[in-house]
Amino acid sequence: MARGTAEPRGGTSAPLTPHPDRLLPSGAAERAIARRLLDSIGDLPLVSPHGHVDPALLAADRPFTDPASLLVTPDHYVTRLLHAHGVPLHGLGLGAEPAPPREVWRAFCAHWHLFLGTASRQWLEAELHDVLGVAVQPCAANADDLFDEITARLAEPGMRPRALYEAFDIAVLATTDDPADDLRHHRALAADPTWRGRVVPTFRPDRYLDATSDDWPRALDELAEASGIDTGTYRGTIRALEARRDFFRANGATATDHGARDARAEFLPEDAAARLFRQVRTGAAGPAEAGALSRQLLGEMARMSAEDGLVMALHTGVLRDHHRSTTTRFGPDTGHDIPVRAEFTRALRPVLERFGTHPRFRTVVFTVDETTFSRELAPLAGFYPSVYLGAPWWFLDAPRAMRRFRDAVVETAGFHRTAGFVDDTRGFCSIPARHDTARRIDAAHLAGLVAEHVLGEDDAARVLRDLHDRQPRTAFRL
Amino acid sequence: MARGTAEPRGGTSAPLTPHPDRLLPSGAAERAIARRLLDSIGDLPLVSPHGHVDPALLAADRPFTDPASLLVTPDHYVTRLLHAHGVPLHGLGLGAEPAPPREVWRAFCAHWHLFLGTASRQWLEAELHDVLGVAVQPCAANADDLFDEITARLAEPGMRPRALYEAFDIAVLATTDDPADDLRHHRALAADPTWRGRVVPTFRPDRYLDATSDDWPRALDELAEASGIDTGTYRGTIRALEARRDFFRANGATATDHGARDARAEFLPEDAAARLFRQVRTGAAGPAEAGALSRQLLGEMARMSAEDGLVMALHTGVLRDHHRSTTTRFGPDTGHDIPVRAEFTRALRPVLERFGTHPRFRTVVFTVDETTFSRELAPLAGFYPSVYLGAPWWFLDAPRAMRRFRDAVVETAGFHRTAGFVDDTRGFCSIPARHDTARRIDAAHLAGLVAEHVLGEDDAARVLRDLHDRQPRTAFRL
Amino acid sequence: MARGTAEPRGGTSAPLTPHPDRLLPSGAAERAIARRLLDSIGDLPLVSPHGHVDPALLAADRPFTDPASLLVTPDHYVTRLLHAHGVPLHGLGLGAEPAPPREVWRAFCAHWHLFLGTASRQWLEAELHDVLGVAVQPCAANADDLFDEITARLAEPGMRPRALYEAFDIAVLATTDDPADDLRHHRALAADPTWRGRVVPTFRPDRYLDATSDDWPRALDELAEASGIDTGTYRGTIRALEARRDFFRANGATATDHGARDARAEFLPEDAAARLFRQVRTGAAGPAEAGALSRQLLGEMARMSAEDGLVMALHTGVLRDHHRSTTTRFGPDTGHDIPVRAEFTRALRPVLERFGTHPRFRTVVFTVDETTFSRELAPLAGFYPSVYLGAPWWFLDAPRAMRRFRDAVVETAGFHRTAGFVDDTRGFCSIPARHDTARRIDAAHLAGLVAEHVLGEDDAARVLRDLHDRQPRTAFRL
């Protein structure tokens, strides 16, 4: 364990009792309002328009095996902070020679107190307590007991993914999928008469649009195979992407998702684009041309969205794989994707000049640079009917950051230009905890406005319901 | 109406009752302090050092005609959000084929709930209730009744602009005027013995300084005509601008106002400037030279301010006319001017190195990029006697944004380096509501500091009075 | 005095009574929690890992002379704001013809109310009341009496620097020192059997690393003299720096401190670096090469830290000496160092790719651009074991800014990736007041989380203790 930290005395397990009024305002009058608001949407099922749950999980419905594989190893919010405190990533179950789950769990429990104050701690407390029935705080002394207790619990029938889907009261769950994916799990679920849920794919074409990447030629080859269309030409590649979008739409998709470094698109004439494509595809061009082609392909995505109505979700502004030697050893998504400054006013202009008032075009814009909320995104969403403000995302998907988001955007854009909450999670069991946190923060925010007589409690209740039901359904056309 | 929004059941009109303690802190003890502070400045008249009211309004004193023309069509805060919810701009009374006022009003009423949480909603509630005597929330069902009711009310003698000016208790109102303007309305008011108010012009020379604009040659021609001085040379143009400043000062102006993209000025030697001017004026130069000339002309404005004492107000950092096809159809100021990132530390250096400690030079700096408040503007205003921090402006002219402003700047610069409140409004009837909001937020902010024992209530009352009287008068030399 | 400010009626001195619960939350329940938390660390001595106290002060132990020389003239937080209100810097005791202390003190007292709301006011109130026993607010009328009263008090034995060091209960105090310094005062203290404190030097090599400065050649000459190593070559300069680091470490140093404009380092091969050095050293290169060499030397500092374990503190992002004519007349550190936008994600990458997971490398990163807290610094410190988040610094070392810091970083990085508080002061007597403010704000922040049931009060107490003891000791290896 890192020096300089105070773990509670080992041996005695502190009780784990998430307070029913957690995250609500501390003043009695304001809390009572927030409590009433929160209760008023207790009947609403969860709408999850963007996330990273593996559809195979629900298609196969196999039980989860142990707490480390469930809660620690796949969650880069958790592994990154343990890594920052000196636990090597292989000790968290990652890489070629991962530690066994029990050891991973021990490391997690020994460092539990280091999560104090983080968003992850809130989610983990709720998952442990509400989903897994754990009644004590993890610590070094109880790690083995907890491991056994949770492992046994996970073997119960009620803890299988489909049973949990029902228990969580999920109305719709969007996954994130590769355009070349055959969507077999989505199709299997749709064909299964015993399955009553709704799991929809999302078209995530980053690999196919990023012509600056070494992986791009292989991606285009895979696209050709999946679509049966030759991707040796610009026109062919565009047609292949269109075909895959059609396939995704036929299987329930309502949105595409984009993780480009920035949001700028280009709109070259077809012949210029074809020439540029040929140069880059044949290796005859440098990084500047490859960058231009990438922006051109993003522009094509916007054009296609205006035609086929798939909502274009933009998740931009992150420098991936900051510590390259960690990527080499442990792969991507291992906790060192770091945000950079974002810019939207100029970057989105080419798309919005073309499609900003187009009746079918719709985009939901996410950022991890909160300076853009009041400066750029709220003003844009406050004018363009096609622009919805995405929820505070990733590092900003946390109570105080969510409050700052609402404070920054509502005064300019109102509540109804925001897209509601997006859990964006890889951890299926964290879905209810994440939605619960978001509901609490929105209820608290609205209660503050009611207490300050900015709006009435009836209006606040209607707004809260919209934020967690109609807004995400509208923004993502669900 | 946009899908995904919850309008209250039509037919029953909800009461419109702005709470007397709105925007004050919700805790009882803190609210009581804020209430006392607010009441302590109840006697202060309104000082409005920057805004966009048409002086003809008061000179002619014609009655307002209807609620749509008063509250909706001219207010781009309102039209932009309705546009974002799918109402076309012509349906809001804009463009060549505008909808008639009654239809505009119907659209506004049907979307009233979408303004919940916005600054505009606060102002509109106060205008409707306090100025127009409306007692119900607008909705689709009562739109026609409200239209008739307000139209009738506007015909009353007490609702004429001059009567309202007195009722609003305005001490001084600054307008924003073109340097070529003959200021006939200001002169008419000054010459009218029945008029006891004070309306002063502000010199807004953007058109004449922006040499990158297609409109620039025509602007210089107009300047030549207005001043009687040839603007074919640099020297002539400078002399013409000086002459118009003198004319404005003789008619009461105390400030100039600048909406350049950024605040950077240049100070070339006269002969280099003259050469640059000649190149740009004759069309022999490119955009880089035109940009340099624009910065040079801004520098001349600073130099003139140091000489004639007109306060230089800088409103920079907005990309105008983001959606060009909307500009083409509906003109400028139609809701799609979008802020961009701002920078002041380096940009202001050339001006401040020359005039930062000059006894006559004074500048008030506004921004819509709130990241500069703590990082750049408070440190600058905390050193340079000539720099005053402008109020949070435009998109930031809202309760929570105002709080963030105070939180960001006071700890570094104190209260007395800020310029107080600026309503910046085109809507005459919104003036008292906007000042009232600002007073409430300042009272609330100070009450918080009193409750945390950062300062005493007597000191807080003195500060609040300064913020809404002496600070704007001092900063703008009113 | 500047117009537009309201000084209390002269003649009657208002009482100076800092409230025992100042800066704690205003709500009763939350305040009670904060009070208990604050009391729970009342036994902790002060750990001061970074500041600018002159070690000669404690080595010589001479009495302070008067309040102006103690509180006004050396404090650029104070002089800058008085300057902004029109007091010339020579009137504050600066420059070649400084006003005498009594006149400086009069100017300060007459402008006392202009500090309302600033962090300086908090510190000054505490220093005046708690350290100097003053019971009234300064004002123009009581300035002379206060001057005499404080001057007399400063002559008492208990007011000597060493007696105050004990009274303040300082555990360790780090100074900031030039690499060529012979550390005679540190050595004198260490050799003095009557001295029981701990004062450690910090290696601050800015002058030697900034090859773009006119002063650089002279700095290298001084380095050669101090180290006895020829600095005519790259290799020699590196060896000289290493030797001085060794000397500092032998005399107790645990850290280096860097005030470069930005944090970007470079890592050229040795021969390329040697060539670059030769070009710049001989004046054969331009500013681009000098900048590259500066980055290279910063990279060498990181490499040395990974080897010798001195913690690398980065204080970047300030444009020094904004108003050059003031620098010319009054020297540096006279209140017009103004922050600029900062960037860390890309800038720190070269260092962190090399040393980010190195077991001996450690860096503490400070910023005056708060936009980087949630966007860049918390994510970096939340992954890299070597990166600690420095306290909010300089303009951000103030109550509300500190709250924003905690709100911005804890949700991502937890409490235990932050380095605790750094007083960064030149004013020895302000040390307890600054630590007290930081403790109050942290107690208040934690009380808010307890009241919102985010964490329990026991956990909060442990965290608060860590923040003010183990975290700074760990981060700075004290």
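When the chains are written out, they are named A, B and C in that same order, and each has its own residue count from 1.
As a working rule, a contact is a pair of C-beta atoms (placed from the backbone, for glycine too) under 8 Å apart; a residue touches a chain by one contact, two chains touch by 3 or more.
Chain identities (UniProt): A, B, C = Uronate isomerase.
Predicted, not measured: the structure shown is a model, and the values here were computed from it.
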Tell me the shape of the graph of touching chains, choosing from line, ring, star, complete and other. complete
Only C-alpha atoms count here: how many degrees separate chain B (Uronate isomerase) from chain C (Uronate isomerase) in terms of the superposing rotation, rounded to the nearest 5? 120
Between chain A (Uronate isomerase) and chain B (Uronate isomerase), the Cα-mean centres are separated in Å by 39
Overlap residues in chain B (Uronate isomerase), where contacts from two or more other chains coincide: 27, 371
Complex contacts: residues of chain A (Uronate isomerase) adjacent to chain C (Uronate isomerase): 2-6, 8, 14, 18-19, 21-27, 80-81, 83-86, 113-119, 122, 319, 322-326, 335-341, 368-371, 395-396, 398-401, 404
So in the complex, the part of chain C (Uronate isomerase) that touches chain A (Uronate isomerase) is made up of which residues? 27, 29-30, 343, 345-346, 349, 352-353, 356-357, 371, 374-376, 378-385, 387, 407-408, 410-417, 448-449, 451-456, 458-459, 462-463, 465-466, 470-471, 473-475
